[in-house]
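Order of writing sets the labels: A, B, C and D. Residues in every chain begin at 1.
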Amino acid sequence: MIDAIISGSYSDVLAIKTARILGVELIKPEVKKFPDGETYVRITGPVEGKKVAVIQSMAQYPNENLIEYFLTVNTLKDLGAKEVIGVIPYFAYARQDERFKEGEAISLKIIAYLIEKAGTDAVITVDMHRHRVSDMSDIFSIPVTDLSAVSELTRYMMKYYNMENPAVIGPDAESEAWAKIAAKILNTDYYILSKQRFSGTEVKVSVKDKLNVEGRDVFIVDDIISTGGTIVNAMEILKEHGAKDVYVACTHPILVMHALAKIYEKGAKVVIGTDTVNSPISFVSVAPVIAEELKKY
Amino acid sequence: MIDAIISGSYSDVLAIKTARILGVELIKPEVKKFPDGETYVRITGPVEGKKVAVIQSMAQYPNENLIEYFLTVNTLKDLGAKEVIGVIPYFAYARQDERFKEGEAISLKIIAYLIEKAGTDAVITVDMHRHRVSDMSDIFSIPVTDLSAVSELTRYMMKYYNMENPAVIGPDAESEAWAKIAAKILNTDYYILSKQRFSGTEVKVSVKDKLNVEGRDVFIVDDIISTGGTIVNAMEILKEHGAKDVYVACTHPILVMHALAKIYEKGAKVVIGTDTVNSPISFVSVAPVIAEELKKY
Amino acid sequence: MIDAIISGSYSDVLAIKTARILGVELIKPEVKKFPDGETYVRITGPVEGKKVAVIQSMAQYPNENLIEYFLTVNTLKDLGAKEVIGVIPYFAYARQDERFKEGEAISLKIIAYLIEKAGTDAVITVDMHRHRVSDMSDIFSIPVTDLSAVSELTRYMMKYYNMENPAVIGPDAESEAWAKIAAKILNTDYYILSKQRFSGTEVKVSVKDKLNVEGRDVFIVDDIISTGGTIVNAMEILKEHGAKDVYVACTHPILVMHALAKIYEKGAKVVIGTDTVNSPISFVSVAPVIAEELKKY
Amino acid sequence: MIDAIISGSYSDVLAIKTARILGVELIKPEVKKFPDGETYVRITGPVEGKKVAVIQSMAQYPNENLIEYFLTVNTLKDLGAKEVIGVIPYFAYARQDERFKEGEAISLKIIAYLIEKAGTDAVITVDMHRHRVSDMSDIFSIPVTDLSAVSELTRYMMKYYNMENPAVIGPDAESEAWAKIAAKILNTDYYILSKQRFSGTEVKVSVKDKLNVEGRDVFIVDDIISTGGTIVNAMEILKEHGAKDVYVACTHPILVMHALAKIYEKGAKVVIGTDTVNSPISFVSVAPVIAEELKKY
């Protein structure tokens, strides 16, 4: 088991909740900004010889959060911490895992490399967003664990909302794994739609196989809601196929460009997300999922 | 000589001016942001086998600029660049070069380490701000050159303003080197004040030795104007000692918390700075200084 | 009854939820920014002869939201709307309702005046924050209704959390009205603490009368959580007096300077707020409260 | 003559410079922000019975600047100021002076109306940007004076740069008045190009009449540089017609989306602007122009 949790400034509440579940010490570093925009970090408790976990999501201002993370991890090691586990609930830069166009930075590789060089011994993340199933060991040389919040999201939806004879929907091929988990918990069937991406903000979702949603409630699960385009597209198709009420869950509620309003305007009953990203729909905490994993260290 | 200059998005104009002086190719990477705040970088010209200089200041949003810098440098190397010189005109994080208080990050060391690990082969900076004269080789294992913009600032002031029998003033011990250069160009004497710092925004400046400014114009030179407290303090003392008009120059016009208004309100004739930081007083370009140095590579 | 709801860009989701409850038309204006920061507003549906409600909170960037509100209301009138009800769930500028110090703007009066001049016929707000019970008719010459979200917050807490023999706590004199409502719903007793404010971020809470919380859960209700100082102070006192678990509710979760982390660190079981402000704890919607009131128009 | 100048927080340095020229009192209000984003304003000197000018540009965050302006002006009147002249060097919202599309806010009219209602007795602005020559008295019912900075810009360029046999260029029909002024000062001819606007960021510039620039330096004058598209387009045409060096001047350097880099990349010798907007090219102050006008009050 780890000895202490170090809270990153973005994920401070999540860190407190995780430390509370595990009953371990919480160290909250002093983090401030100098007038020129520099980040200042000071570790406020003893860490020598300890195994610690730093919790910091790469959301909202991922670059700010990353530099704070680098300063924190490196200082922990410098102060004698035995092992530093980087818990990065939302891992930005995950999509850019290849050079799609000449001259592009393979951002994921570079960020992963800097995370390692900063002193991280292992990474834990949640529902990492990747276009394709790339092998983590190509990207990281330290152990990486990719947890899922889909069970927590599904159980929350079951507990607080009455979905009738729900069909689970994964809006694209990548979401199949998540749809499968949700369907198992709900003891029902699931369907995967097909998505084509035209740009960072334009997508088109279509039906691939049969879609048995006529007269049924649907539960859409996805890893991330960014501009909301995918979900809105999926809802149109589901309505065309006779779906009743639509319930939406995602792990990472990035929610830019009025995504939430677009989805509610389309008629969604409710939209929920987790606290990997601090948002107005972060109803579900990933603290239990992270705590469970940290017990293994 | 270098083969090309790569412009960082913060220092794009400075990069163009430097490339123009040297007559070398300018490569302007495509830089954009994904909805979640991730930075995307694409190098838009061939760099294989080339010796290139990346120009990017760490000003305004130093962490944003740094991550873009890491992505750029690492990609240049990945694309086969032979040597990458990092030109970082304003080098943030320079003050935190020691652990002043238990648990503090020695930020300068960590940032320098990451700059190296990203693939930088040599660093060029301008009037780097340090509280004490630390040895660069303790901090960097790659060559670092610290240029000065004081000659350019002094010549600009001479050319465009009529300072009468000016005395040069360095507002604190660290500024002595700069005051000496300015005094030599102006062929006059210089005086160094003494500064005590109480916090990030509070300072007290006092007279150390004799101060012969009675009835004379004064030319204050400093590396950086942040909140303006130091300059305002120095101006009060100079006025008490009978100084006439006050002319102020700094290399890095960070200018937060209405610094410029405070200095003008105190009666300054004019305040000038350079384009290491993009500000309303960036009248002097460091492009000639950087170009001169890049010729040596 | 009103004919349509016009959604302000900050309160878009709340507007959709309110329109859904009332079954009235939702008009979502096109709102964008020009390169120089100007706001552009276009009303996208017919409003001639209609009675409409504009829903827009003054949270996060209250000045941005206000200018958009002025442009929207004035244009609605210009397009022939018969009556415009301004629903401003979080009403910023409410505290500055007097000239406490010579030369101060009495901001509330000025903002209220501009809201009227822009064309607003009536204002609806929620748990408006005032230091003292000033008479609304001194400030507005149009009708103003101040609704409360405390019943909704209390019922949510009862439904989802098991508070044992709870005592309701109002952390200062102004919160007495809210504590009373919560205590009635919970069918229990309430206690009001005494608060002294030293600055915008420093307060001291103390016990005024007897405080019977020994061994009991406590439910703190307040109108607004800003820096969290008041709640943290109150929790310390409650713990000293033997309180068990602490549950916290506020209408307006402004939550700056890591307020939420401070409260959770102090041991709070849960902290909830409403969607007058979009925050990570906006679990309760004020849509039903607003919808109920709009039926009267 | 006015009795005092009140500095708005955005235009603080310009206000100091103007007060210095006129030798009148400068009052610098205390302006701060509450945690919820509210603006606080306090007038720090006596204004009863005085004629005062408030200097505040609507640049960078025009809505923030406007609300501060409303609070300032209204409070000045409330404190007994006899007359308040609003000096708004950059007047945002000027383009939207008609309803081009159904449902649009005629923003200029609404903003002008609120400026009046706030207590402004007269408005002074500089090179106000309008698509067409609308009559100011249709928009304002108080006196409005539109000054020009073109003489100052032209004289600065003459003083510091050696333009050889320069031809003055106005990049679109609206800029003819400015080009005429510049040509008169430079004692040379001028040419007006034709501009078509496709969107907020896309324009196409073309030649209307003859264009005698072969082998000559050109001096482009415009009121505003926003994305830089117009200037870049104009430069392409001028180069095609054999122009030598290009010098660019604008009153309002808004400079978004790397406008300055685009223009320098195209080969501009130098680009200058004024301090109506605080920018890295605000080399020329409009203080003398404003001071001259204020003498008439």
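We take it that contacts are C-beta pairs under 8 Å (C-beta built on N, C-alpha and C of every residue); 3 or more make two chains touch, one makes a residue touch a chain.
Predicted model, so just to flag it, every value in this text is computed and none were measured.
J.: Match interface B-D to one of A-B, C-D or A-C, accepting only the pair for which over half of the contact pairs are the same residue numbers.
T.: A-C
J.: Residue numbers at the chain A-chain B interface: does the shared fraction exceed half, giving same, or fall under half, giving different?
T.: On the two sides of the chain B and chain A interface, the residue numbers are mostly the same, over half being shared.
J.: For the interfaces C-D and A-C, which has the higher count of C-beta pairs in contact?
T.: Most contacts of the two pairs: C-D.
J.: With chain centres defined as C-alpha means, what is the inter-centre distance between chain B and chain C in Å?
T.: One centre to the other, that is 46 Å.
J.: If you average the CA atoms of chain C and of chain D, how many Å lie between those two points?
T.: About 39 Å separates the centre of chain C from that of chain D.
J.: Provide the C-alpha centroid distance between chain A and chain C, rounded to the nearest whole angstrom.
T.: 30
J.: What are the residues of chain B that contact at least two other chains?
T.: Correct list: empty.
J.: In the complex of these two chains, what residues of chain C are touching chain A?
T.: The contact residues of chain C facing chain A are 7, 9, 12-13, 16-17, 26, 28, 258, 260-261, 264-265, 275, 278-280, 282-283.
J.: Flag every residue of chain A that touches chain B in the complex, lowest number first.
T.: 29, 34-45, 59-64, 66-67, 70-72, 74-75, 78-79, 90, 92-93, 95-96, 101-107, 110, 113-114, 117-118, 200-201, 226-227, 254, 256-257
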